[in-house]
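Both complexes below contain chain A, partnered by chain B and then by chain C.
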Partner chain A sequence: MQNSLPFSFIKGDGYVTLRLVGSMDDDQIKLFEASLALQLSDPCPHFIINCEHLSFLSKGWVRAILKLKTDLKTYNKEMRLILMKTPLINQLKKEGIDSSFKYAAGLREALVELGLVTKKMLDTDFINPFLNATLNVLKVQASVDAKPGKVFVKTDAQKSIGDISGVIGLVSDSFSGSVNITFPEKVFLEIVSGMLGETYTEMSQDIVDAAGEITNMIFGQAKVILNEKGYGIKTAIPSVVCGKNHSLETLTKGPIVVVPFESSKGSFFVEICLSA
Partner chain B sequence: MFAPTTRVLIVDDMSTMRKIVGKTCKELGFSDLTEAADGTLAWEALQNAPAPIGLIISDWNMPNCTGIDLLKRVRADSRFKGVPFILVTAEAEQHQVIEAVKAGVDQYVVKPFTKDDLKTKLESVYKKYAKS
Partner chain C sequence: MNDMFLKFSAPFIKSTKNTFATMMSTTITMHSPQIKTDNQAGADITALIGINGTVTANGQDKEFRGLLALCFSKAIYLKLASRMLGEDYTDMVPDIADAGSEVANIILGGSKQDLLNMGIKLQLTSPSTIRGTDHEISYPKGSTTMRTTVTCDLGDFYLDLCYQDVKF
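Up next, the complex of A and B:
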């Protein structure tokens, strides 16, 4: 089975996310300190502590994290705790150490505070996991090689037209948005034929299901990468829109980034929309 | 490896994924496949199967009764608790993996997956049961 250590380090651009999961008891501290030493080499990054699935910190862990904060200070770097849950906040308050830490609602807010990013929501850090997941899902599940085109921000006048779309909501405590993946009918029928090993020539329930499943897989894969970093995206269920030459309105008012793809079966596109 | 005659129960609310898992199982030599569209229907299939189910491959997120709910039910029932159970999921986050291991899952497969991915997981589950 996969590494099930209760802590992991995920490198970002100028920061490292330390992800703590479950109840942190003293027995893993030595291993943690040894792993941490490898992360503190020059140039030392800022640290984001992702507490989304953290339920308890033993006294030993509290000491280890306070020591990390002190160590970071010597490098002129900082630490932020993100996605804190009430029981943990209460634990730190009870122990009188809650003011020893700085908190942020989510990864984006922490990175803005640390001066690592601007307030702009959609950047490559957020888009690339969806782009890579799209390529991987189509390659592995349907043996389709796709290539991303130039990413652009959609203007009000631009309509994205397609015949079948998978749509899924992006919801976290600090932002919301959606991801749409839209195909022309002919392209999608060929993709699903490759995926299921049967020839499909017209829309059917299997085709609709396949659009939902592909969207679900892309979302799932991107969500794991983004949540390891601390975006805190919640589980969502995809829906499918069918109709010749339809265009979709996004649920939120933020900018819409379009990633066009070319593939051996034809072109399609992914749209990502986010707002705070 | 599991005998090709092993009766496999494939559980997924999406017909597409049932087809993909079924097609992959056939490519790996299995011929006795049963399908269910959620955990509740899978539980019925387990009880009513004309011959014992020898392997369960279930999706995680499903309406009515999820894969984890089904797993817990299977592990709590003396008739079925020894049936090898593999979860298929699109979202293998660390806390979910921990939850699945605690509930008694034997392996999990992350979507999308290849025939070789599933084969590797099946071999590891088979070895585990062969040892015990």
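Up next, the complex of A and C:
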């Protein structure tokens, strides 16, 4: 139901992301103001307005958003417009109202400006979507119940060894990184057997394809959740690596976080790294 | 092979030549590129960098995704790392673990300006190094991978360029 509307609210910790999408009809402003009223109760959150999929704002909508700004002021809260596209910025400039709004490059920057987070890159807000997507995909596709273990930061001496991995690079305007998911062969064969309803005992093209599908689904789901929040992530081409006992190392200035998983089929892990 | 594809690859090839000339003081020869149809990386060590970019054509921005991979056998990797760092390495040690991804990073960094002149903006992901005797790498369906065999005085290695959604 929410999806058919040009706006949606996503709750965060101390803030709400308001996502505006596509063509916004003036008829829907009343509905927007009504839904907004529900959000504006005590304790009122800060507002992050995700403009990633927005290229034009009608006068009516500009007024509605300016009103939101005034309303927030009474609660001593602020709002930030993030992921603004050039056409939208130009439009606001042309109408001479650009100075009424505060922009930030992305969610992270906005939250830092609002004093909600300190300037660190990798936190649960970023990691959890990958964690949940992994659990969800394995549950839905292969009926495997997995449980995440204690997340830790990888040190130089630690090697990540596995037999089959999905690797994907991430970029946004403000950071770059990569995410790997690595399985031992035995564990992965059992997961795929559960997924395709056939028993596989050795590696084959089917298994590699399945690995591509699974990692694509995990990365895809996590990306949707992160981008709804306003991270503005783009993914590079995912690839699947097979090879007995291969290791994966990422060249990064930032930390590498490892999430180990335990499942009924065995253990595997996900590695996430980000740097500015 | 599509002409645009070749034109698009030219900056990477040029930058690879420059990188090897400056970093390894070696002249490389590129064999004619082939479309890759199997998953064999033919390598023990692969350095991988994801590319996300936008092409500006006819006043419109179009997005594309890609990947650059350098695939080395262990023997040539050791030789290249020794040459690059000026030490004699005979085994994989932590010191040279990142050498491959450094090279890939420099290649992509060096191709940025030429690509920009063509109206292509690049964003690079963090490079990864895959290590494993004779591992395989598969790219998703719908992408095209071009493999170029590169010869230098130290031996042969491969340069893979993989593209998706490139429309001009």
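Some points to look at:
The rule we apply is simple: the second predicted complex is superposed on the first by the 270 of 276 C-alpha atoms of A that agree within 3 Å, B and C clash if a C-alpha of one lies under 4 Å from a C-alpha of the other, contacts with A are read in each partner's own complex, and residues count from 1 in each chain.
Here is the rule we go by: contacts are C-beta pairs under 8 Å (C-beta built on N, C-alpha and C of every residue); 3 or more make two chains touch, one makes a residue touch a chain.
These numbers were taken from a predicted model, which means no experiment stands behind them.
Contacts of A:His246 after superposition: chain C is touched, whereas chain B is not reached.
When the shared chain is aligned, chain B and chain C each come close enough to touch A:Asn216. Looking at the shared chain after the overlay, A:Cys273 reaches chain C, while chain B stays out of its contact range. Touch criterion not met for A:Pro255: it reaches neither chain B nor chain C. When the two complexes are overlaid on their common chain A, residue A:Pro184 makes contact with neither chain B nor chain C.
Look at A:Thr235: by the touch rule set out above, it reaches both chain B and chain C.
Chain A uses residues 205, 209, 212, 216, 235, 237 to touch chain B in one structure and chain C in the other. Listed in rising order, the residues of chain C touching chain A in the complex are 39, 46, 48-52, 63, 65-67, 69, 94, 97-98, 101-102, 105, 123-141, 143, 162, 164. Those residues of chain B that touch chain A in the shared complex are 14-17, 19-20, 23, 61, 89-95, 97-98, 101, 107-108, 110-114. By the touch criterion stated above, chain A contacts chain B in their complex at residues 1-2, 4, 8, 19, 21-22, 53, 136-137, 140-141, 192, 195-197, 205-206, 209-210, 212-213, 216-217, 219-221, 223-224, 227-228, 235, 237.
Those residues of chain A lying in contact with chain C across their complex are 156, 165, 167-171, 176-178, 180, 205, 208-209, 212, 216, 234-252, 273-275.
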